[in-house]
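In what follows, chain A forms one complex with chain B and a second complex with chain C.
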Partner chain A sequence: MVNLTIDDKQVTAPKTATIYEAAKMNGVNIPILCHDKKLKPFGACRMCLVEVEQMKGRQIPACTTPVTEGMIIRTSTPDIVKARKMVLELLLLNHPLDCPVCDKAGDCDLQNLTYEYKVDTNRFVDEKFHHEIDYNNPLIERDMNRCVLCGKCARICDEIVSFGALTFIDRGIETKIGCEFEDGLNCEFCGSCISVCPVGSLLARPFKFKARFWSLTKQKSVCGYCGTGCNLTLGVKDNKVLTTLYDENQGFHKGQLCVRGRFGYQFINSDKRLTSPLVRRNGRLIEASWEEALEVVAARLKGGNSVAALGSSRLTNEELTLFKKLMLENVGSSNFDHSAGYAHSALTSGFARSFGTTASPASILDIQKTDLLFVIKTDSYETHPVIGFEINMAVKNRGIKLNIISDKRGKLSKLPGANTFVHKPGSEVSVLNAIAKSILDDKLAVGSVDSVQGYAELAEALKAYTPEAVSALCGLTAEDIKKIAREYASADKALILFPIGQGYVSHNQEMSCAVANLSILTGKLGKEGCGVLCMSEKNNSQGAVDMGFFPRADGMNAQQILDACKNGSVKTLFVAGENPIVSYPDKSKVTTALEAVEFLIVSELFMTETAAMADVVLPACSFAEKDGTFTSTDRRVQYVSPSIRKNSNCKTDFEIFSALISKLGGQTPVSSSLLFSEISSNTDGYAGMTHVSLRKESAFASVNVKPKLIVPKASAAVSSEPGKLAMVTGSALYHSGTLSQFGEGPMHVCPEAYVEMSRKDAANLKIHDKDIVTVSSPTGSLKLNVKVTARIPEGLVFVPYHFSAAPVNAIWDGAPVTMVSLTK
Partner chain B sequence: MNPITPIINGLAITLKHLFMKPVTLQYPDERPKVAARFRGLHALNVSHNKAKCVACYLCPTVCPAKCITVEAGEDANHDKFASKYEIDMLRCIFCGYCVEACPVDAIRMTGEFELANYHREDFIYNKERLLEKK
Partner chain C sequence: MSDVVAQKTEEQEPEVDLSIADAIIDKYIDIPGNLMPVLQAAQDEYGYIPRTVADHIAERLNVYPSQIYGVLTFYAQFHLKPRGKFIIRVCVGTACHVQGAPRIVETFFDKLGIGHAETTPDLRFTFEKVACLGACGMAPLAMVNDSTYGAMTVQKVDDIVADYQQRPLK
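Entry: the complex of A and B
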């Protein structure tokens, strides 16, 4: 700490602070335009000028100058005010003064400062800028005439997003922010640049002219897409969510969002939302009253074990618990599951065996505290973009080492110093086993490891996985494998990350055990910056696991439920929020099962493919219309309150399940907060949490690890077939599950499925970018657009899974790797 | 005082008024002369055959009676215009703040004061009705 004087006040500040930070900490506000606490100091605008006595009264920028002992600082002498006025005058000289038609007005730093400093005349005259406005993309408008050249957009895009779409181009008065070759913006559309722009140069087009900043009610919420659990501020007017707003103090991510979180909110107020219960009569779905619909449903639920349920991991913890109660206590069936029955297996059966718990022994915060990040699949960026930002910052700002094993390269591979080891698809477990073997062989394991349960069996089983043997089938060299093992084991702290989800079949219980083994063998567990983070797919995937919404020993899993629908042993199926026809593997199997089942109940926001087949459809509510808790991938439990009033004819799933419980003669919970008290008293790690405490601040559910070494079984290598390519599926950056199809933002930039392939294969098959090809597998064929990219290795194609219009499950039966042929 | 005097005085005043110009306006046969700064019905100013209003939302923000509804639209040139502009004359208190707030001189108040109508909905003046008539 250093002592200094700010405006005649004796204060202290940390040695690393800048004058700006020291002042802020002590309640003195210095105006800024180009500074952002998330970015490195830059010093471009000179708004933050202060006087330091030791520097002979010279005016220096507060945002870039570090404090020193005994500094005497004055932040608002008449000279400084004059200087700041001058800065503003010069900025306004070329500025178009578009405030009446500028969406930034009301939230504009330049406007606010101009008002505060009463700059109502200008001593200078000059021409205004005449830059062309960039309307080339549907999400971000770039009007460089309003730019004050603070550089924040370019810096955030580089330092945090690591895309580098924007930079200063030209010199002197001509300087502007531009994209490569002065072209239109074409990037990943995370909107980070919009959030930091102090003026109206960068604006969100979906919100353009919709409302004024001051007329919006700001509602805090939690993103409803992926498991990262980012916090959101929704801008609400007239009971409609019109936009997302930036709050730099929100969440671990300091307000950063990805394209889905920022631009994918339109599903909430979509015209396509269901607004009335529908009951099938004479083959057609007809509007009905709630009473009627629930009566029919309740009658059908009285079937004991012939009733099964598929839930969605987008429901709240309270809803999932109630759904489970309904099934177990009132219906009398233990057949319930979510996420196709396998997407959670890394937790529910992998970590359950290896760590004795169904949660990850690491948090997102560990990313910045580790020395080495070991990422499995470059897709980690696409599945959880804001965790991706954390990785970017760790690597770029802290010099944390990054090793990746993946079946394709990706955005993470481009980070400085990142090593991407591209292996053959489907060989993850073998590679991880070979790394474990190499750790044992090179004596890199911690000394006490032989006392861990299962050590002998593992050591024995790993004999088959020498790096040499595995290298033959996985495509990495033995030296690569040894190097990964060496670096992982010798790092002081190391963290492993891997995504799970419906598109990542191979990220199953075997792989999570193989990953857990590495951390147990090297003792990288239970310490800050160490452990394994299994990145769960949807906003409440971890919660669904914590609530135990997966089959116990006596219940059927999702795949068995579908089989049982087909063979008639399940007669009633209740699907809440899932769209298995699009998101589960093997479309024809799912369709046959749903056709075969006698009675299908679907509670949904939209008329999905699955809802269209139902006998009863119940209109449910989105995350913005209900209260409850979501548990993020690192077990941060967050409370959401309704941001808008729901349509009076929709019910939350909580209300639907409650109503059904009472119809079946059961005891319904009084409120979701009371139910949550019950949850917190009997869920591991949730003790002490209440809605009231979570409303104030989210809390981590503690994870108690009992390590055990498990022998992971590697699946047989996929043999390549001449003329065929290996297809893998997974997530596209712009989408999450099938919900994002109803978010306009994601659909603007990624409207349809595609097949991504390597240049080499494209050349061999004489296929070009944007061609339409037929992709055929043993289970079917699909017409898809081609994307030729450099990141895909030869022999591989990638098809994302989110799309109803071209569902990958028409050609994918749930195998980790499918051999397909491409024809024009 | 002589009790007759006040009566005489009163009659004198009455008599005087008989020869003065009458104050009562024979409305509607006679029309009042409206002052230049009278605050009557609003009009949206037109320039280049378009309403000048750029839908900045300042008038609905400043309006104390909250009777102005503006919705902005984006035209083919990406410019902002009022796709909806509505004033509820039943709630308007004719304070003129909207005129004062407008940064582009798009709205003014005319001398029009005859706003009576038969139906409540007829008091909602939409953009079409508010556009100045030339």
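Entry: the complex of A and C
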């Protein structure tokens, strides 16, 4: 700590602080335009000039000058005020004063500073800029005439997003921000640039002319897409969510969002939302009253074991608990599951065996605290972009090492110093086992490891996985495998990350055990910056697991439920928020099952493909219309309150399940808060949490790890077939599950499914970028747009799974790797 | 910006041989801070930086394409369009200006049919006005590639253009 004087006040600040930070910590606000606490100091705008007595009264930028012992700083002498006024005058010389039509008005740093410093005249005269406005993309409008060249957009795109779409172009007075060769913006559309723009140069196009900033009510919420658990501020007016607003103090991610979080909110107020219960009569779904619909449903639920349920991991913890109660206690069936039955197996069956718990023994915050990040699949960026930002920052700013094993290269491969080891698709477990074997062979395991339960069995089983043997089938060299093992074992702290989800079949219980083994063998567990983070797919995937919404020994899992629908042993299926027809593997199997089941109940926001087949459809509520808790992938439990009032004819799933419980003669909970108290006392790690405490601050559920070494079974290697390519599926960056299809933002930039292939295969097959090809597999065929990219290795194609219009499950039966042929 | 966009659609960039760029990149790939030397060598080899070359360098050096474009537009030494074999520079600094440089410039414009920083369609000439060539005693001054022409007159412009018109392009 150093002692210094700011505006005649004796204060202290950490040695590493800049004058700006020291002042802010001590309640003195210095105006800034180009500074952002998340970015490296830049010192471009000269708004933060201060005087330091030791520097002979010279005016120096507060944002780039570190504090030193005994500094005497003045932040607002008449000279400084004059200098700042001049900076503003010079900026306003070129900046158009079109505030009445600028969406930034009211939230504009330049406008606020102009007001604060009373710059009502300008001593200079100059022309305004005449740059053309970039309307080339549907989400981000770029008006360089308003730009003050603070460079924050270009810097955030480099330092945090690591995409580098924007940069300074030209020189001197002609300098502007733009893309290569004056192209329009074509990037990830995360909108980080919009969030930091101090003026109206970068604006969210979906929000253009929707509302003035000051007329919006700011509602804090939690993003409803992936498992990262980002916090959101929704801009609400007239009970409509009109935009998302940036709050640099919100969440671990400091307000950073991805394209889904920032631009995918439109589903909340979509006019496609269901607004009335529907009951099938004479083959058609007809509007009905709630009483009528619930009566029909309740009657059908009195079927004991012939009733099954599929829930969505987007429901709140309270709703999932209630759904489970309804099934177990009132219906009398233990057939309930979520996420196709396999997407949670890494936790419910893998970690449960390896760690004795169904949660990840690491948090997102560990990413910045580790020495080595070991990422399985570059898709970790696409599935969880904000965790991807954390990885970017860790690697770029902290020099944390990054090793990736993946079946394709990706955005993370481009990070400085990143090593991507591309293996053949489907060979993950073998590779991980070979790494474990290498750790044992090279005596890199911790000394006490032979006392861990299961050590002998594992050591024996790993004999088949020598790096040399695995090398032949996975495509990596034995030296690569040994190098990964060496680097992982010798790092002081190392963290393993891998995504799970319906698109990642191979990330199952076997793989999570194989991953867990590595951390147990090397003792990278239970310490800060160590452990394994299994990145769950949806916003409450971890919560669904914590609430136990998956089958116990006596219940059927999702796949068995579908089989039972087909063979008639399940007669009533209650689907809450899932769309199995699009998201579960093997479309024809799912369709046959849903056609065969006697009675199908669906509670949904939209008329999905699954809802269209239902006998009763119940209109439910989105995350913005209900209260409850979501548990993020690293078990951060967060409370959401309703941001808008729900449509009076919709019910939350909580209300639906409550009504059904009472119709079946059960005891309904008084409120979700009371139910949550029950949850917190029954759920491991949730003790002490209440809605009241979570409303103030989110809390981590503790994870109690009992390590055990498990022998992971590697699936048989996929044999290549001549003329065929290996297809893998997964998530596209712009989408999450099937819900994002109803968010206009994601659909604007990634409207349809595609098949991504390597340049070499494209050349061999004479296929070009943007061609339409037919992809055929043993289960069907699908017409898809082609994307030829450098990241895909020869022999592989990637097809994302989110899209109803071209559902990958038409050609994919749930195998980790499917051999397909492409024809024009 | 509008004319840039218009030009882009009008002019189809000629096929460029990326193996030249690859050879340059191979030479510098392991050296930190290699972007400038690579771009300079590419400029020397191709005479300008074609877009395909810029994109290729971006991919191989793992640098953002935007960053390369920022560098290319910042330094006057880089060119984004093909340049003529003969670069005619006319000084318009103070001394040359007083000695009649504007008329020299105008005459070149008339003779070549191109303006400042433009290139003739046959890629023979590129014309540039420059601020000072550092030889004020020879004002008004013109240069063609490395040859210097002092005490320029309108008649001399004709001679220079005629002379270089006859030289072989290859």
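Everything below uses one rule, namely that the second predicted complex is superposed on the first by the 824 of 824 C-alpha atoms of A that agree within 3 Å, B and C clash if a C-alpha of one lies under 4 Å from a C-alpha of the other, contacts with A are read in each partner's own complex, and residues count from 1 in each chain.
Keep in mind that, in the parts below, contacts are C-beta pairs under 8 Å (C-beta built on N, C-alpha and C of every residue); 3 or more make two chains touch, one makes a residue touch a chain.
Note that the coordinates shown come from a computational prediction; the quantities given were computed from them, not determined experimentally.
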{"item": "First, second, both or neither for A:Asp238, with chain B first and chain C second", "value": "neither"}
{"item": "Partner chain in contact with A:Lys414 - chain B first, chain C second, else both or neither", "value": "second"}
{"item": "Touching partner for A:Asp769 - first (chain B), second (chain C), both, neither", "value": "neither"}
{"item": "First, second, both or neither for A:Glu794, with chain B first and chain C second", "value": "neither"}
{"item": "Which superposed partner A:Glu248 touches (first chain B, second chain C, both, neither)", "value": "neither"}
{"item": "Touched partner set for A:Asp158, first chain B, second chain C, both or neither", "value": "second"}
{"item": "Of chain B and chain C, the chain that contacts the larger number of chain A residues", "value": "C"}
{"item": "Touched partner set for A:Ser215, first chain B, second chain C, both or neither", "value": "first"}
{"item": "Chain B/chain C common contact set on chain A", "value": "none"}
{"item": "Contact footprint of chain B on chain A as seen in their complex", "value": "99-101, 105, 133, 135, 141, 208-212, 214-215"}
{"item": "For the chain B and chain A complex, residues of the former touching the latter", "value": "54-58, 61, 72-74, 78-80, 103-104"}
{"item": "Contact set on chain C toward chain A in their complex", "value": "1-2, 4-5, 8, 51, 54-55, 58-59, 62, 64-70, 73-74, 80"}
{"item": "Complex contacts: residues of chain A adjacent to chain C", "value": "131-132, 154, 158, 163-171, 178-182, 414, 416, 790"}
